[in-house]
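Encoded as structure tokens, here's the structure I'll be asking about.
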């Protein structure tokens, strides 16, 4: 039984992969994302943190893109490219952790609420409503003000902001799945609730979860950068992309490259995540099997 | 599917046509017509929360209240404070009695005549409000002795009194009106003798002032002033270029070349009445060591800060006194950049293996850049600085209320152009902590020097403040970094604009050609 | 149905109570002192203490929380610590700006997002699909202050057809609404595409096709109608975000909305304003979501029968 299952999973995976390969946009997203992860992992080989990323050189400040500095230098003469490379570490790791936490908590709550319905649903969803109704900025500023500005506190703020979004979307998907025949058939066979959720509901809700998870990762990158942009992000001189935008906004009209490059890095990361998520969704959809 | 596309296209077109149709309303500030314009739009950095100048210290409040209220004295253009709302102020030989002679021609905006009672009431209100404590502490009593004279008695000679009377805290109000409205009412419904009266205040959107045609010094040329809060500097710049506002303070330094190349705009600039400084908490275990503080003095290169964080807009500060304040001396020897000396001092202090400090600051784009440069420079000599950017309330709590910080960056803004206005609150032992002395210096020596400087005659003022500055710099309490510039950008047609170090502009002096 | 709506309204009261407690706690736990913030850094400790007493800040936490509700149930949300204006009035003057902005943005996003999503799904993997997805996502990931600035430079400075700042006329709302709409538009395009893809593969769509229904009718009447459920969810959720999350855009276009009021109040520890503003947004948002759920019932009979039961 056990061996059979592993075998089946592998074949499923290769089928998904085959379908995903056909999707050019998704592959583009995957390539960009892989490249970014590679860059993040090898950041230390590509640029030295102490000299290029945080080391200042006033003689070379605000130099436009050139052969020696491909993306130019900032107000402190730091190499923008080196900062973006090292910034990918921060953005990617923070958003992956935030997304995982939010997905895990959010989909559990959403699945339970949607599946059981009734009082459980009411209580959980009202709790989610409460969290959702508190403006994310209030939440983030408060957490950052109360606990101080740090990565962990940013993560807490992000997770709290995204758990309810997840719960809602998953719940609405569950609502439309649970009336379908195969779930009723399983119940008629006497399958337990937990098993129904795990074996029948969640696999069928995987599409929306993945779509939403990639969206969340992208959104997390955006929220981190907008918090940094409000001056409440990661402490300088850490090369966070949003902080780079914040520092570049003063000179945006004369040295737009200081905003364009980190902005493009954010856009690329967010876009590749979204493209990949959409592609995965198509590939994973059980109804798409021919 | 075609229909959907067609609908979409139609919607887009409808939008863009509507957009083109909206031409008329877009440039309210550039309205044409015969003769010179008589209305202007002024962009403020934030909306004031109150228009009672005695209950707050906020530049945006003062910008408006200087138009609504008058003060007994005013600067005459050559750095002296002279009588303005009164006929004369006579100071006794010993400097303890100020006799204020009423100007009988002055009327409030509600038609009543200004009386000596009103003047005595207003000064007393300031004393009671507890603001301006550094200035009001010298006033022993104030009394309307007859219909023409108010006598103000000081408890000690104070050479900044004439200047203090020109600060917004000493605005002159109507006693009857204040008693009728109460403190709460005055916040939103101000009424003074000023050149403008409040016509409308739409919360968050704009404040409209209308000319007081019966103003005692003549009706102003600009009849309507609309003040709009514009919190984003890029937005302020675009609003200036689009002609939506006529004046905006302190644009981003990098936009200055654009302004200079634009014939429709004009930029005025001067030194600000403040000093960007690195404050050190001398009660901190590490920073109580004078050698460490002196090492920090020697490790900071001010020119790099000006170039890197201020886009070159500013000059290296040699003294904790702003250049535009009476008492400033260009010959005060400022700190000298000498990293070798810094390392030696650290070694003498017993920190040859380096030390760690935390630099906390309020969220602010410029200060964040200054902090990064300081971090880098101190790092060069072996001081590892951690930057801790805090939300405004948390920062005030930490630095002012609790005083448990190590380093911070800030500027203390003077209320009138005298060294007293920046020095006393920051360094006198009576102002310890929350009141302004965040370096926590409590030496009798420095406080004594400050008291002496406040009492010095005009001719001795510079020498007296030189002694104060020498003490501060010798013991390295506070490192003056940069004299920042303050700018105002206006539409080119707006005349009568003089750059103001305090950032306060008198709309009554403005006119269009 | 009416029983259901009543029940939901009852729950809304619970939500509002929960939020008020959380927000009140947050405002009290975070560092910073309202009296100090009003008076400024240079205020003396005596002045701060005096003002704290005037504002009732020296009373214990639960007394203050109780007093807040005592006033609130009588329609009195107190006065702003900063401006001394009645909070409710202040919110009522600010809310229309935010509501107009959010509605306009939602309108633009839906008007463009849903049709583009449908087209993308119908022409899956085509050039139209690829281009529209990439464009939408790129627009959505441009930081709003950059997007706003670019629009201002182009439409207010170069073309001089739209005002760059303020809320003087309805034209003033066009640029901020377009800026605000991009993120929601991208979400809508992706959500529509994704649910449509699912819907057009369902049996009933196949059946409709088999019966010989025109392709357009199949897409619009059968597939889109069934795909609307998640789309409407997104609209509901995002509308709430738009109501509370317009801060950066309000600042870039200098619009007097609720977002700026709320952020200033948070930073100034102006608890009455924060409480009232958050509760106001919550109630508005809950009503929108209630509306969304009612719309659910109309577009999805399965959900309707559930309501009838419970």
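Each chain gets a letter, A, B and C, in the order it is written, and its residues are counted from 1.
By definition in this document, a residue touches a chain if its C-beta (ideal position, glycine included) is under 8 Å from a C-beta of that chain, and two chains touch if they have at least 3 such contacts.
As the structure is a prediction and not an experimental result, all values here were calculated from the model.
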Chain closest to the assembly centre - both centres taken as Cα means: C
Of A-B and B-C, pair with higher C-beta contact tally: B-C
CA centroid of subunit A to CA centroid of subunit C, Å: 21
Where subunit B and subunit C are represented by their mean Cα positions, the distance between them in whole Å: 37
Distance from the mean Cα position of subunit B to that of subunit A, given in whole angstrom: 44
Shared-contact residues (touching 2 or more other chains) in subunit A: 141, 145, 230, 249, 252
Contacts with two or more other chains, residues of subunit B listed in rising order: 234, 391, 393-394
Subunit C: positions in contact with at least two other chains: 30-32, 145, 149, 267
Residue ranges of subunit B touching subunit C (in the complex, touch as defined): 1, 4-5, 7-8, 11, 15, 18-20, 22-23, 25-28, 49-50, 56-58, 130-131, 133, 184, 187-188, 202-205, 228-232, 234-235, 238-239, 241-242, 244-245, 391-394, 396-398, 400-401, 425, 433-436
Complex interface listing, subunit A residues touching subunit B: 54-56, 58, 61, 75-77, 141, 144-145, 148-149, 230-232, 235-237, 246-247, 249-255
In the complex, subunit B residues that touch subunit A: 233-234, 237, 252-255, 257-258, 304, 307-309, 311, 363-365, 368-369, 371-373, 375-376, 386-391, 393-394
Contact footprint of subunit A on subunit C as seen in their complex: 11, 14-15, 18-19, 22-23, 26-27, 29-32, 124-125, 129-130, 133-134, 137-138, 140-143, 145-146, 149, 186-187, 190-191, 193-194, 197-198, 201-202, 229-230, 233, 237, 240-241, 244-245, 247-248, 262-263, 266-267, 274, 278, 281-282, 285-286, 289, 300, 302-303, 306, 310
Subunit B-facing residues of subunit C, complex: 30-33, 36-48, 50, 82-85, 90, 93-94, 97, 111-112, 115, 118-119, 122, 145, 149, 152-153, 155-157, 160-172, 174, 216, 219, 251-254, 256-257, 260-261, 267-269
